[in-house]
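Chain naming follows the written order as A, B, C, D, E and F, and within any one chain the residues start at number 1.
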Amino acid sequence: MKLNGKKLLVGAVTVSAVSSPALAVSADSAYIFNTLLFLIGGFLVMWMAAGFAMLEAGLVRTKNVAEICVKNVSLYAIACIMWMLMGYNLMYSGVDGGYFGQFFSLWSPDDTATLVEGAKVDPTGYSAGSDFFFQMVFVATTASIVSGTVAERIKLFPFLAFTVVLAGLIYPIQGAWKWGGGWLDAAGFQDFAGSTLVHSTGGWAALVGALILGPRLGRFSKDGRIKPMPGSSMPLATLGTFILWLGWFGFNGASQLALGSLGDAVSVSNIFVNTNMAAAGGAVSAMLVTKAVYKKVDLSMILNGALAGLVSITAEPLTPTPIIATAIGGVGGALVVFAVPFFDKLKIDDVVGAISVHLVCGIWGTLAVPLTNDAASLSIQLLGIGAIGIFVTISSAIAWFALKTTVGIRLDEEDEERGSDLAELGMEAYPEFGKGSQKF
Amino acid sequence: MKYIIAIIKPHKLEPVRDALAEVGINGMTVSEVQGYGRQRGQREIYRGAEYEVHFLPKIKIEVAVDDDVGDQVLEILQEAAKTGQIGDGKIFVLDINQVVRIRTGETGIEAL
Amino acid sequence: MKLNGKKLLVGAVTVSAVSSPALAVSADSAYIFNTLLFLIGGFLVMWMAAGFAMLEAGLVRTKNVAEICVKNVSLYAIACIMWMLMGYNLMYSGVDGGYFGQFFSLWSPDDTATLVEGAKVDPTGYSAGSDFFFQMVFVATTASIVSGTVAERIKLFPFLAFTVVLAGLIYPIQGAWKWGGGWLDAAGFQDFAGSTLVHSTGGWAALVGALILGPRLGRFSKDGRIKPMPGSSMPLATLGTFILWLGWFGFNGASQLALGSLGDAVSVSNIFVNTNMAAAGGAVSAMLVTKAVYKKVDLSMILNGALAGLVSITAEPLTPTPIIATAIGGVGGALVVFAVPFFDKLKIDDVVGAISVHLVCGIWGTLAVPLTNDAASLSIQLLGIGAIGIFVTISSAIAWFALKTTVGIRLDEEDEERGSDLAELGMEAYPEFGKGSQKF
Amino acid sequence: MKLNGKKLLVGAVTVSAVSSPALAVSADSAYIFNTLLFLIGGFLVMWMAAGFAMLEAGLVRTKNVAEICVKNVSLYAIACIMWMLMGYNLMYSGVDGGYFGQFFSLWSPDDTATLVEGAKVDPTGYSAGSDFFFQMVFVATTASIVSGTVAERIKLFPFLAFTVVLAGLIYPIQGAWKWGGGWLDAAGFQDFAGSTLVHSTGGWAALVGALILGPRLGRFSKDGRIKPMPGSSMPLATLGTFILWLGWFGFNGASQLALGSLGDAVSVSNIFVNTNMAAAGGAVSAMLVTKAVYKKVDLSMILNGALAGLVSITAEPLTPTPIIATAIGGVGGALVVFAVPFFDKLKIDDVVGAISVHLVCGIWGTLAVPLTNDAASLSIQLLGIGAIGIFVTISSAIAWFALKTTVGIRLDEEDEERGSDLAELGMEAYPEFGKGSQKF
Amino acid sequence: MKYIIAIIKPHKLEPVRDALAEVGINGMTVSEVQGYGRQRGQREIYRGAEYEVHFLPKIKIEVAVDDDVGDQVLEILQEAAKTGQIGDGKIFVLDINQVVRIRTGETGIEAL
Amino acid sequence: MKYIIAIIKPHKLEPVRDALAEVGINGMTVSEVQGYGRQRGQREIYRGAEYEVHFLPKIKIEVAVDDDVGDQVLEILQEAAKTGQIGDGKIFVLDINQVVRIRTGETGIEAL
């Protein structure tokens, strides 16, 4: 997104699409098409907030379901507010090849340049609000990733405080490096819709959070046994995954940033196809791999696999052919099946598998860009992954530690036992269903 | 009177109810329980980690009967609930000291 | 909506957007853009029917969940049919500054004027069907508001009969006053997307219904204690809220009624941003207020708060800057936290908080218009609120009473105890989960 | 879809919409509009996969909920992959009035003809990817229909193998006959969006599957009694229905295949209206009929009724007036209420009523086309229904039998008793809720 | 000591708890059960097929009391749980051999 | 034989099961119940209205044992289930009149 001088890449062929003038799209029409793409993409990505909420509500235990719903609604709201208060301008205003834009600068739409009489309209332009809206929902996605990992044991307000920092500082600063036109963009780093900028960023923040927070009580016993804590509702987790899958068409498709020309229309279409095929590849590969490795098919892994496919294709959903996109997603789906028990073995407790999905596959997807896009080089991709990884890790560690040593981030043991719903909300998510919060 | 507690396999509830109805036992209380015995739980997998679920779903039937039909009821229960497979369950017989029907206040065998 | 002579308001600046002819949008393209906006807006608002269904299914007790699903599906269906049979033409055909349009006039699309050869296409035009579709889903929203308030004790068919009257008469008549170009429009009343016309209308009808119907058994004990009856599924309520949030982009965004010019594209974008910010403001403010007042955060209040923000911005989603929109929504979110226990104290039993959300914040939002829109005056806004409030209150009271005295509107006690699902449907919503329908 | 020489039918009037050149839509803009219609329609239909998943998850018993989620995610993924690997080209490439296109031909987008400099853009054109994407989601729908019918007793992998055959061979071959421009198209068969091609095809495959697989254990007792097995979650089933209803706007609306002219904009709008009215008619009629016949209103029947209305209008959503569309849907809704117990009486065990909804109403909808569309004749409609019915029945029977005699398609009794979730996945869908999987 | 098992209608739990509290019985254990007796289940309909649900939701109360309040408790229970309608439920009284409070190890009447 | 009913805190089930297994008690039946005693319920809030939930989730264990291990089982149960906090629960011991294993028809101590 926000790529200056983006080449028109369709499949693997570079063409220049110029219709004869009489048939061409007028500048105003193009502007409207571009704006509309952002609006449609924006509402689809906004919808992903519901997807994360349902996925996480399905994967936590009953006693923490209401709390995870609170977190997902309020983190989305807070991320939006922070984005307006300071995030947008920090990421996009005056980065100029540097490290960040304007600090503490309230965003407000300004389209007067477009709307004054006689203005020459740029056919690659779009309204300020549509751009803001679309970029905003990306921040929310980043924040959503964290909530799943640290669920069932983190306190509500410290978590939300972290969201403030993530949405107001960490995300926009690293985002400025690439999409804001900062130094990484200048270096040639490629990340079409955010395998690294959105997903790995969320993943790193989640990983650091999980390490500092520690695992849930009883999750890893002293004798080395791993105790699974099955999620409370598989259909909600499935619904969440479908919502995310749907939202991803907006996430990747509208990251083309334009629909005002034939070339853009073709590109957006191909992105839709590739996005879908990568998810399909991820789901099928996770299914086959779990069946092969564990003899049983694991639904939660298939869901993670579909998401893994989506994350993997996000860095470059345009240049691969559909079959290659399927393969890139398929590798992601397989990766996740091994990553989940791997983090378990490290005693990193990730309730919903967000680190495996968003961090591991975010890295994989970013590394896979040079396979199909000649503008990318493996070394620059590694540079981007590394730079952003280090920045996000350090800055989140500071934020988590600051919270830990001041207000504390973890529920006390008794509260964790009876569940965050009773402890922090004084209510139950399903007051008339099962009382026990654990299989026995 | 006897208080008979039977732990049976869930799908055996219907035959048991029908068999008891045939001998005129038309009252009982049932609940969902989980059991553990010679038949152990199953291994389940969740996200790559295997674990044992120790308990299996069972149905608990509680039925109060007059002393002189107690043995007949035991037999019927055993027959109707039996599959011959491990995990068929147990029947426990306890003595009842007193019974009251709430609606009428009747006690003893009248209350059933 | 349906505003004649709508000024182009973008942010707070009035500009006239006229591109140089060569670059302008052709009339046909504009027509298609406008139509497309209605279609997209329409399907998003239709989706709100699912949102109400899930919100209400989550907030009623298990024993009434299937019935509330029946109500939500059938009220939507009935509202659509009534809209076609008589509502549309009653609201929009030949109102001419008066009080209503044509009675009992079946709607059918007629676009021949546009489609005849050589017709001069109006660039602010749109297809008849797209307009009908978009307006139709608004009626359904109004009807959905009522069902939540009167849940758990009303009989199914009398409720549906009320829906017939609401969708066929009450809604279109008051709607004609403003959007149909009736007397309130002439008077200068401002209600962009229906804080008053849709939400307060639903809210008044719900309030009158709740009063005539009485509270659920045991809800208010004689000694003045209030007995909460917690909803059966918090994640469904959360899902419903997210669905409504998403749908609201269509609700408010497409109420711009046009996308065929740069100005419209900018306006729709700003509406999207403001709509989202108001919801975010409402959610955050409800969270903070519940925490401050009750020491606990209440998920159901946060959900209500987000919706309160949305209702509050609906009367004027275009003119505020985003930060003002956040504030308008934030006030709505706070209002709802106090309104809910207030109605409890009055022993008005509103199962899902619809009166607090839609009526209270509908009024607030309508009153807030003059803050940012100079075309509105407080006195005219009060006139509109009052006139519509009186009309809807009286006409719904007549309808509710007529139903009460003829067929009866309330389940008998035993049916209410065992739940409307068993009583009216002979089935259970969750046959294998908890049997008890109350916490004990 | 894919109709050559499609007439512009608006309501029942045939007009030719040609604006004066200055106002007309440029060819490039038209191309973008058409592409956008496919993309929007495509993501809406993709969303139907979630609808089927939720509907089916709500209508199976607890012990089979996770498995049905696995099936719905993976069948969608597999259908997409098969469509790319061979389905698309088998259905659309070089059918030329015949019986099928190219076998085993991998699809990949090719828009170079459009994008080369100086190309003359066809205003009815669209990008290859958008078309592929839209058609792909139709295949997935067909496959979803089957999964509901055969739920709770079929083994996972044989089911998925059937999906491979259905999506890779059966669906595209019969699809080629009409939409691929094959012999049925030449004969004048009319099926706008697939009452027969999609819904009946899925229905036939499901019916044959149900017959070969046999009913669930205990469903029909030897003494002729029918034992209902109530679904585990009515709100999920309701959600699924709303999702499908929403998706259907894409299903039918984008089957207009173009949005680049006034006539197309009008047509798509009217299709939206008719689609909605038919669903409303189906829901209301199912409600009234169940109330009349059984004295109780049955939610699951209302849901089926809405879907029945949608299936019924799918063969011709354009030509009816809205009131006729309501009636066509209404007949569908009534049909389903009688079809469900009818199949029960035949001891055909259809867990979710998919045969009644998709096959019965698919036939009804196809037969209803001549009522409003003069281009259709009853005899040719019967020919199409019959030809496709015979082909799908025989080819699915071969596939099901082949699977049955080789790997077996049915869970063994013990696995069926304890549920497919434990048997095939080793997990539970709701581990903390009700343990029993049956009402007792 | 006596172990009193009462099967009552669900909405009667609150009055029963209050009534027992008034005479100083401040401990009990309850669970959701399903019952079948003179009051039969209801006919339900699902997708056009009628069927009988045999069991009705009931609440089971278990309360251990000292012998000398046993009769009083019985009376209170009966009164508080009574609606006079069929299906009000039963009370069963069993003898307790021993009681232990887990927290302290106290036994006998001290443990309650 | 003895019928031992123990009401314990939910998270104590696992230690109890392990402790009993160690002395060879490999069968039991458990269910989810709700209890009320010295440890009262909690205040919850819903939509601005506070209310008391009187009952707390507990687990009920039922285990039939031979008379001569009864005391040992009691001790083990008490030890394994104890947290020392209020609400740890109670153990009730009842006399069993008869036991039958459904699968085999064995009775008495053989049936366990």
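Just a few scattered comments:
We adopt the following convention: a residue touches a chain if its C-beta (ideal position, glycine included) is under 8 Å from a C-beta of that chain, and two chains touch if they have at least 3 such contacts.
Here the structure is a predicted model, which means the values were calculated and not measured.
Counting only chains that touch, the fewest steps needed to get from chain A to chain C is 1.
Using the contact threshold fixed earlier, the set of chains in contact with both chain B and chain F is A, E. Traced through touching neighbours, the fewest hops from chain B to chain D number 1.
By number of C-beta pairs in contact, D-E leads over the other of C-E and D-E. Mean C-alpha positions place chain A and chain B at a centre distance of 52 Å. If you average the Cα atoms of chain B and of chain E, the two centres end up 18 Å apart.
Along chain C, residues 26, 29, 36, 40, 230, 233, 239, 294, 296, 298, 300, 425-428, 430, 433-434, 436-440 each make contact with two or more other chains. The set of chain E residues that touch two or more partner chains comprises 30-32, 34, 44-46, 54-55, 94-95.
In terms of which chains touch, the assembly is arranged in some other way, matching none of the line, ring, star or all-to-all patterns. Pairwise, the chains that make contact are A-B, A-C, A-D, A-F, B-D, B-E, B-F, C-D, C-E, C-F, D-E, E-F. If you check the complex, the residues on chain F that touch chain A are 10-11, 13-14, 30, 32, 34, 42-46, 57, 59.
Those residues of chain E whose C-beta lies close enough to touch chain F in the complex are 3, 17, 26-31, 62, 64, 94-103, 105, 111-112. Residues of chain A that touch chain C in their complex: 26-29, 31-32, 35-36, 38-40, 42-43, 46-47, 49-50, 53-54, 57-58, 65-67, 69-70, 72-74, 76-78, 80-81, 84-85, 106-112, 114-121, 126-130, 132-133, 136, 156, 233, 236, 239, 424-434.
The residues of chain C lying in touch with chain E in their complex are 417, 422, 425-428, 434-438, 440. Chain contact summary for the complex, chain F toward chain C: residues 34, 44-51, 53-55.
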